[in-house]
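Below are two complexes that have subunit A in common, paired first with subunit B and then with subunit C.
On to the complex of A and B.
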């Protein structure tokens, strides 16, 4: 199809806008990575923009050697993997049930989910509740409270509802149980929305630090996000002789190195999920 | 299926029995909540020594912040020891969450009472002692002062032996800098210190003590006076305002942080900077500029030839035992063991010949790289209960990790000459005046505004506000406390 002149201009303008938006997101990250790999002199003098100046890996080595990075990385991997898997199972089962027109009391249950989405318990009751379950200072305290997400449940419910009824009916006629129908019919055609939920949930678990800030005091249980918070907090406090580990290493290099090393694992898996992600965010937005 | 369920039940029962067996063990484990650390502290030599000398097994946990502390306290968790900043100590006191440890100290704390010589008033309320006070690590030293690029000053005739000691010469030096280096800021400073309008070197000429950790109060004729009521304040502000109007002082001063001022100094954009001994990144400067030399500028003299400065003093942190502690007696015994002279030395500096050496004059020297590698965070294990009589000396060994920083620290300390005064309120308890921080912020903001473009009326306005909103109560509280406890 041949585009008119006006359409061509429109397409070019859209592309330019998309490139600008992409750069706005990408350049700060590039700046962080470059600073973390530059010399203190270059960072102090603001010479670093989008490329490392006087290449130097001291910041990364400092984080690797002097902080409990590896232990925290392991904690974050455990929390993210188990949290995402369990949360996904719960979200799929709940969404499937709520999407099913035959479920009795579906409306009431949906309202309850909406209620939970709008109102939360507040910090103090939550803390006492978790304490009474002996969950404080365990990795479970960083996994369990966030397992059920009403928002993702509704997103997936929308995805399930967009699957034609005839598919499910055919499966039922062939003698499939509800579980078999879900596993063999519904889930394969909902891969994109599930992948989206996986990414959202995994990123949320990976980045969550406030729970750890309140519920964790054991150093060996800190997730990466809390370690990042602490490194940046210490870097912002005036450096005293007691806190000087890497001589000649600027606080900004420590902070940027820690930020980069925290987001790196997520950045590494992102490209593999991207193709599902783009499809998934569109689920439910267009019907017909 | 039934077999599987039976197996699971057996496993659960076995697990619960084993858990019961563990909890039945009567070995006492003390739970210490200590300050934030990003390193794995179990690898530090200090941890190993504490395990050996404390007499009890100690489980160290990290306090992430005030919010978490308040949750821990309100939920009554049985920590045996908490490391507290000044603000958190005051919060815990107002919640009545700390135990009176005076009897425990008398019975089991002989090393503790021997090690703390002057700091007890800071933790004593109505005769009860509510924490172990920990000395600020660098007592007697100057926290903030002016440091100059001596290589640049040499080139315009302001050599080390000719550096200004009075306000007229100081102004002339800044004018010379402006003329010789038009692209550079003669003097940069920030809004980041306790009393940002006060620059210690200049305030000295007006009899105002600054540069320490509690700059707002000083003794005048035996009375505690807030800076807003200092009789020389107007003269000081007028002088610094003149420097600002002549573009000798950084125009961005009221809006910038210490790190911004430091970056200007490192980036060759400022000749003189107001900062702390650890904030100048001097090693980077030497790497960057071929003829680099730095000087800590002298404090300017008053009309009688005297200098004035406030030196570091008081309590750096507090070690408290919560009322919910399960083992207060054992905790005091453990701390007492750790504060024993030799144990405290070993925790702080390590093993002689391995981590440190001692010369004939009794000075300690770090052995590198062992000291930096194995003793890097040893201080955290005794944080909240440093020996007041010796820890500042041990602390200075930690400075040796960086030669330039150490040189700057000693030069700033020496620049005080005999004009160093300790804050009269350094050991005072919480004032109980609710709007204290608002009052002090108002004074700071107005003084900065008066210097940086505003009129001198701002000073009067701040003074009126201070007196109309309870500032007098605050000063009276400190004055009364000082006269009752420190004279």
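On to the complex of A and C.
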């Protein structure tokens, strides 16, 4: 197929535009990383662009030593792992049952989930309810309330419904129980939808900070996202005063170090996730 | 024989037979329902605070009922009206910008036919989606803050710096830009999959008719993506009241409360910050009800326009 000159210009322009879009997403982050690893003097004078100037790990050490970074990282890992696993089990069981034609009252149950999805009690009622369960200032309060996402339940239900009935019937005729059918027949063919849900759930658990801001006041229980919020938002108030040229660590280095150390675990597993999410999200998007 | 027998059985016997075969399905529902009951339905009982003059020391049960006084206070409060207007204005603006952009970007990515380049661009544009809003805020503060790159350029050109984070108007621009930065790349996935499902024959036919690449994009690709666009739009319309909370909480500061406040952040500050529990719960209930109306109407619209339920 031969392209006219106008078309060639069009294709080249779009290619360049695509590269620019990619760089717009990447370079600001690269700049943050470089700043966190540069000397205060270089940062103050705006010398740092995309590579550390006068390489310096003082900012990272500061965060490591003077904040509860490691403890918070551990909390976030615990919350994300246990939350995602429990949530996945519950979501799989619920979606399978809701997708099954033999279940009576499916319509009513679906409405219940829709209602739970579209109507929330609100911030304060939730706070008082959790308080009455004595869950405040425990890691459970960051795990339990968001275990069930009606939306992902519906996504997975859609995935299960698209599995050919004959597969399930064959297993049932062979005398397999529902549990057995689910585990050995349905799950293996639904990997893509499950991968979607795992990624979405894990990212949501990892990034959420508002619930922790409300429910957690003990320093050693704070997740990484909340520690980041506190370092960035609360420290900004006292900014500039101690920012004397070249002396000590500027707020900017502390903040950028905190940000970089927060996104590092995510960036580290990003290449492994990427394979799954593109395929999975497409499956999820079929249902909207 | 057996057919006759089945009809003779009592409802109880039929129930037992049915259950002995299908009990597992009901067992599967229990954990999910328990969570829904404990963390979605039970908290609704605490909405009663909105109809009381809640005193923390007395507890919820002993605080006196005041009927609709808190709601009267809401509608008499000019600040609430301002917050409602803000919420709708900013969220609608954000939707207007953030919904069509991914479609255009997907059309653009579709023209990148060098596979390694396409893959690396995709890798880069998906990353911001995985950042929490506070990280996005830091990225933007670093770029648009008083000593950031953008202000350095502006200063060199005009001699003045622009206060992007403390000027109400600019703050909205920052808010929309940050949403674009975080979400556009990721949202292209849906459109990319829609593009890949367009029948290749349509393109072949158009090439025979002498259509150029630009014409193909305008007359084939974009029209084929409109249903997806409509679906995405209706999904987003459902969050026009509740959307943007984590974002605003991460981005705003006291100097832009007047223009940046949305219902969620307002409730947080009044309820937790100033301990005005009953008032904030009442505003929250109002938010939930208005949000519900938006969700239901957007789902209705989706069903009419695309034949699909949002859920």
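We take it that the second predicted complex is superposed on the first by the 252 of 288 C-alpha atoms of A that agree within 3 Å, B and C clash if a C-alpha of one lies under 4 Å from a C-alpha of the other, contacts with A are read in each partner's own complex, and residues count from 1 in each chain.
Here is the rule we go by: a contact is a pair of C-beta atoms (placed from the backbone, for glycine too) under 8 Å apart; a residue touches a chain by one contact, two chains touch by 3 or more.
It should be emphasised that the depicted structure is a prediction, and the values quoted were computed from it without experimental measurement.
Chemist: On the A-aligned overlay, A:263 touches which partner chain: subunit B = first, subunit C = second, or both, or neither?
Modeler: In the superposition, A:263 touches subunit C alone.
Chemist: After the superposition on A, what does A:33 contact: first (subunit B), second (subunit C), both or neither?
Modeler: neither
Chemist: Given the touch rule stated above, what does A:274 touch, subunit B (first), subunit C (second), both, or neither?
Modeler: Touch partner of A:274: subunit C, not subunit B.
Chemist: Can A:148 be said to touch subunit B (first), subunit C (second), both, or neither?
Modeler: Only subunit C; A:148 stays clear of subunit B.
Chemist: Thinking of the overlay built on chain A, is A:71 touched by subunit B (first), by subunit C (second), by both, or by neither?
Modeler: first
Chemist: Mind working out whether A:123 is in touch with subunit B, subunit C, both or neither, as first, second, both or neither?
Modeler: both
Chemist: What's your read, subunit B or subunit C touching more residues of subunit A?
Modeler: The partner that reaches more residues of subunit A in the superposed model: C.
Chemist: Quick check on the superposed pair: does A:185 touch subunit B, subunit C, both, or neither? Answer first, second, both or neither.
Modeler: Touch partners of A:185: none, neither subunit B nor subunit C.
Chemist: Kindly classify A:58 by the partners it touches after superposition: subunit B alone (first), subunit C alone (second), both, or neither?
Modeler: It touches nothing on subunit B or subunit C.
Chemist: For A:217, select first, second, both or neither according to whether it touches subunit B, subunit C, the two together, or no partner.
Modeler: In the superposition, A:217 touches subunit B alone.
Chemist: Touching subunit B in one complex and subunit C in the other: list those residues of subunit A.
Modeler: 46, 123-124, 127-128, 214, 233
Chemist: Touching residues of subunit A toward subunit C in the complex: what are they?
Modeler: 1, 3-4, 6-7, 10-11, 14-15, 17-19, 21-26, 28-29, 31-32, 35, 46, 89-91, 93-94, 96-98, 100, 102-103, 109, 112-114, 116-130, 133, 144-148, 150-151, 153-154, 177-179, 203, 206-210, 214, 225, 228-229, 232-233, 236, 255-256, 259, 262-263, 266-267, 270, 274, 277-278, 281-282, 285, 287-288
Chemist: In their shared complex, at which residues does subunit A touch subunit B?
Modeler: For subunit A paired with subunit B, touching residues are 40-41, 44-46, 66-68, 71, 123-124, 127-128, 131, 136-137, 212-214, 216-219, 222, 226-227, 230-231, 233-234, 238-242, 244-245, 247-248, 250-251.
Chemist: Can you list the residues on subunit B that touch subunit A in the complex?
Modeler: 33, 36-41, 60-65, 67-68, 71-72, 74-75, 77, 137, 258-259, 262-263, 266-268, 276, 278-279, 281, 283-284, 287-288, 372, 376-377, 379, 395, 398-399, 401-402, 405
Chemist: Which part of subunit C faces subunit A closely enough to touch in the complex?
Modeler: 22, 24-26, 28-29, 31-32, 35-36, 38-47, 49, 60, 105, 108-109, 111-114, 117-118, 120-135, 137-139, 142-143, 147, 149, 152, 181, 185, 189-190, 192-193, 207, 212-214, 231, 235, 238, 242, 245-246, 249-250, 253, 264, 267-268, 271-272, 277, 280-281, 284-285, 287-288, 291-292, 295-296, 302, 308-311
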